[in-house]
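See structure below.
Going by the order they are written in, the chains are A, B, C, D and E; count residues from 1 in each one.
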């Protein structure tokens, strides 16, 4: 009988390093994912290297040269204060990406925790938590963000906070719905069966498995966070001037849309590129994040 | 015919004792009259509800003879001296919590000896009293009967006056409509009605004007839109220097702004010429002092601070304040929150670190009320009454409450003597002395004199622009 | 059924009460108050205190809250401190505006988003799919206020298809609709992209399911499979998000309203927040919450109709 | 081989592209099915049973592709039909009942609706006529009170009833061939018997050819006329039940028999197991796919290098893909 | 196979003793229709299990097998009854004590893939129980490898993820995890149902070997009667939450008393042509019963062939039920246990026993059994 217990050889043993490289290769072979990642890395590079890349200071006004059309000195022209659009776009990448990242980080952290606890605990805890969440969810998110910024004054931190608070209930709702699909999965019961405590099950098994779909949702909401900041800027409640953000470049350019369309158009394009990259990344992650979901390589590009 | 006028934001309170904001004031000016009024073009004071008036010898009593047969709208009866007494006393009554009680501060009492005679008695002579009684804010006369019957609070959006138009309907967020008062004592207006459409975005408003969706574009500010409309067919753009400047107020109680060298450095450091030319594209006029050229008292003989970065740096160095941080605080309204941007950039260039703080109006008022904010940007919008900006900005009694956020305290005596001076020429001289002194001390730096723009389609005839921030449709007719 | 209805009503009111409560306390956390706002630049400490006392703002917050609840229960949502008019009346005025914009926005979004999503899922992986999804991404990348203005410039000015103003004073239905169209399109467009993406992924998922294979194996024509058998399943997740999207669109409507000079609940609440007009904000949020809850409830009913599995309970 | 056969398949192959190169999930499969005959297809999970018949119906999910072979339905080759005409074959010519009745019905339509959809896809019947037909077939599959059930949604039916609805749908158009893909694995033992009896009854009533895909050899013994055993995408043995069952000519089939616990054998002896794991289709050895696990051929040079063909053994109705099949008979004789 | 374990457990406390165990699930959603009876998933179940013994549990879907298994580990809280493990009342343990108890009672699940966290490597999965119970002090690697080797996994498998394994290997990982703590009792909830026949045999053999090495008690849940027969010493048959028959394996398979057991036996196909063809089956009436809506009297009566046979007997008092005439006892009264000795007990009004044995039962048993 021991013959049947003989070690099996189905897949050849792969050294760890090569396995990692193989996995990485799989991610990078996903065209959407790699394109999205590439664009985001590029944008992050631009954001980080802004002081060296930008030809002018982002807040340097040159009132002798307002609303200049593109020229050698001002590649994309200047705005109504004579500030160089290109430099503002480059510096704006910092704030806009920071907003996006911070919103994602905050709403992901709190949203996942709330959603996971509610979803995993079940019972009255879930009901009360989700009741509260539903209440927040029923608020028009943008209005909620507006009210919060109005309440706390407009600053980068408050914009981030407000948009995060507006998004957290969404993440929480998604998280919970994912968690309640994970909760009945046998490996959760199996973990309890080996004597694991609930908190440990939550942290070790529920959260790691629930995160991928939630991360995908949040990459998309990162895009909306950038737009929300733009909307707040438009209503005069965005990040404090003269800080450059793509949002306030758009709203600054709003008034000059006929004479100097490049101002708002270029910022809009920056947002669009980022949003598209984030979406590609999100979809790509969805396709490749689960190790067992190899079947979609490349075929679902968008 | 119905005139459609763009206003930039919604109305909310048309009660003369509490009214605030140019949209409200514009609508109210169609509904109400004052005892006297400014000539729209020349700012001379003319009779309105009062046919004539006289001043007592000592200058402490003003007697007004009312026009006979003036009727309030909506059947609230004839205007009597009692209504005038009621309106003015209402502003003075602390229970009303009028924001204009201060304007009538020196009034000891209002008497109504007979239905058509009103006497305003002052504590001390005040040569500027007539300015306070013109048809604006506290000067508007309401009906005692109407306010009492409608209710003190509800009256805010159900105004009853004697003006050329009768308040008709307010659709929140959308529009306000007034209809012609056929029985207006000055003769029925040629228009049947005026609709004030709320259109926030200036570009959209400009297109609406070009498309013929509106007739008058009121409160036109944005330089590119002005430019666009100037080029548009069938559109006339009008402009006029306003009664106010937009100022940077420097709080002398906050270090290092207590140092006059620092304040002067700031004045030299900001390129106001470029601000007007570059940012406003010449749509504003230079502000030499807080009194604009629309005032008879206007003068340019005051200390000037042409842009001079080197001098600014030198002054800072002298004061030992290179690299201090200046917080520019402003309310989140255009253009205040915009013009600070090039200012900050200029100041950075002379070595002043600047931080811009834009506050939403409620928070701004609260911050300014505390009196410890470093700077603010403000303009005193009002009638061409020199007291209005000078007292508001420089008198110690004007804080708290009030606008003297710089906490300037060296003009009180001059302002008091101007008030007491009955001779207009001498008074003007005193005011000019105030201007010189304050421009030397620069607690307040006028950035520019505001210029009011308005555009209308060629169908609109007879529109006259005043230097107040309002529009008046009474004289207007529409050509089909 | 009775129990179910009662349960729904209870849930609805809890949400509405919750939202109004959150707003009540949030408002009081905002710096500035109606008193100092109303009194403006010349407010003295005494006059502010006096006005606060008159408005009852000097009492502890929970006491104010109880008072508010008590009055609200009798149907009194207070008086706007700015205009002196009953807060609810002003809110009522903006309801039709908001309802028209949001509902037509969502309808446009669904009418455009669902077919595009389906098309894209059916042509999965082809150029058409790529094109639609790319368009959708670009669609959600430009802020609505910007798109709105561009639309005004192009469609209201260059090609005079629509009026530049999103609202008309006319009571004529067609004039109103004509004015509504452009804002509704802009709002709908921003949501349509989202719905298209959602429909696509839902549709892809459904098309991979067994029953679709069964229908194919039984020779049901592909068109019937896609547009009837699969679509109804794919609509379930789409329906599930329309409620949230509706709430969201009420928020972005503020931006659209601002560009198109339209009145609306969102703008009204925003204005009231700025003016610290507590009563008006509360009344506005009450109505807003009721609208959201109502929409969600009716969606639930539709949901039950589309997905028989949920209707029974 | 296709003489008199309602369905004959020759050299059918289906390939899926994958990261590790193309995977041949159906590898030169041939079989034929007579009218009124039941062909059982057995083999372990992943051996290509389902894929073979999806290939027959040309319903292989993308990116899979049928790469070759002939499919003759009553003598006419349908493998070359354009897609638009293939639709008419599905359901009316060849119908298929799938494994999992829980997911095979559309949850948001009533069963009547779904049946009508199928009936009206092939006939010009009015809704009323179609409904009457649906009721008739529901009756036929022993659904109690069909008039009441027809407006139920799938979730209102038990698993057994759902499977019956699927069968009703499949037979509504009186197809020539009915493919039942593991029709009872998702069902309980007691219900399983009901369903299989029903299928057997319908087959003889309607004279269809039936394919029963399963891995339960007990069911094969009871219901099939012939059996085809699949391993790694290939048919490794076909035999008539009457002669071949239990006297298999392929080591895989032998091992399969020995590894199932049986009620008719003493309980206390350990089960014989097939060593190793099922093959990875992407990395098939050059020779016989079963060789690594084979008690007969493991290590044999010829088994490793040459892929054996499916050839007649003792009778030309009993084919095996093992060149060493004689050894099995010898061992049998020796025992 | 070992000698029947019953003999040894005769004296002392058995490894596991379950008494009157019940579980009713209530729908506890907010504002749900209160007062509903709930789902009686397990209803007054009693049995005992000795060390080294296997108790097989069979029954159709929804009969409460899994719930019973979960109850034994207290993964769900019992509504009533007691569970004694090694004499200790598990139902009274605090959560902390309970977790400690779980060192000794482990469970293996039906779905070998689903029960493994897809994001953990095999090594981590196997080590996890030891970490949880504080048995992990750095160098316990050897223990992980030992357990893996025990179940036939190789050392280099430890860094791989569950999806990289075949079904049979995955089940081995599950078994390794359960064995890591050297438990005394294993609850196996359909451990081979999801596996292919050829792999199923490997796992059954492996389990058997592990049992012999460590004297484990097995609660072996399955729906395949052949498999259960193959692994069990004793067998319990469940129907709608109740154990309707329990007894030593051979007794139960050769002389089943409960009509339900008979029907199950007759439904099991046997891969032998001559026996399978022409074999009559007891085709049960109607559909599978539901625990939400339990029938009155004997739970099995709506589907029971024996009740119908009995109803034809003029001596038996009958009543009308669902359009049929059935024995009054079956429809109205709960049956009592009938003991055939040797621990073979069934609850039935008309058990297939002695002279009352129906022709159907005789044939069902005969056709399912080996020749001779």
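Going forward, a residue touches a chain if its C-beta (ideal position, glycine included) is under 8 Å from a C-beta of that chain, and two chains touch if they have at least 3 such contacts.
Everything quoted here is computed from the prediction, not taken from an experiment.
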Shared chain contacts [chain B and chain C, defined touch]: A
Remotest chain, chain D as reference, centres from CA atoms: B
Distance from chain E to chain A - Cα centre to Cα centre, in angstrom: 49
Inter-centroid spacing, chain C versus chain A (mean Cα positions, whole Å): 23
Between chain C and chain D, centroid-to-centroid distance (C-alpha), Å: 53
CA centroid of chain D to CA centroid of chain E, Å: 31
Set of chain D residues in contact with two or more other chains: 270, 273, 277
Touching two or more other chains - residue numbers and ranges from chain E: 30, 166, 169, 202, 205
Residues of chain C whose C-beta touches two or more other chains: 30-31, 149, 153, 258, 274
Footprint of chain A on chain C - complex, ascending: 14-15, 18-19, 22-23, 26, 29-31, 124-125, 129-130, 133-134, 137-138, 140-146, 149-150, 153, 204, 244, 247-255, 258, 266, 269-270, 273-274, 288-289, 292-293, 296
Residues of chain E that touch chain A when the two form their complex: 28, 30, 70, 73, 75, 95, 98-103, 106-107, 109-111, 114-119, 128-129, 132-133, 152-154, 156, 159-161, 163-166, 169, 174, 177-178, 181, 202, 205-206, 209
Contacting residues of chain C [partner chain B, same complex]: 30-33, 36-45, 47, 50-51, 79, 82-85, 90, 93-94, 97, 149, 152-153, 156-157, 160, 163-165, 167, 169, 257-264, 267-268, 271, 274-276
Touching residues (chain side chain D, partner chain C) in the complex: 57, 59, 61, 87-92, 95-96, 98, 100, 103-110, 114, 117-118, 121-122, 153, 155, 166, 169-170
Chain A residues touching chain B - in the complex, by the definition given at the top: 59-67, 80-83, 150, 153-154, 236-237, 240-242, 254-259
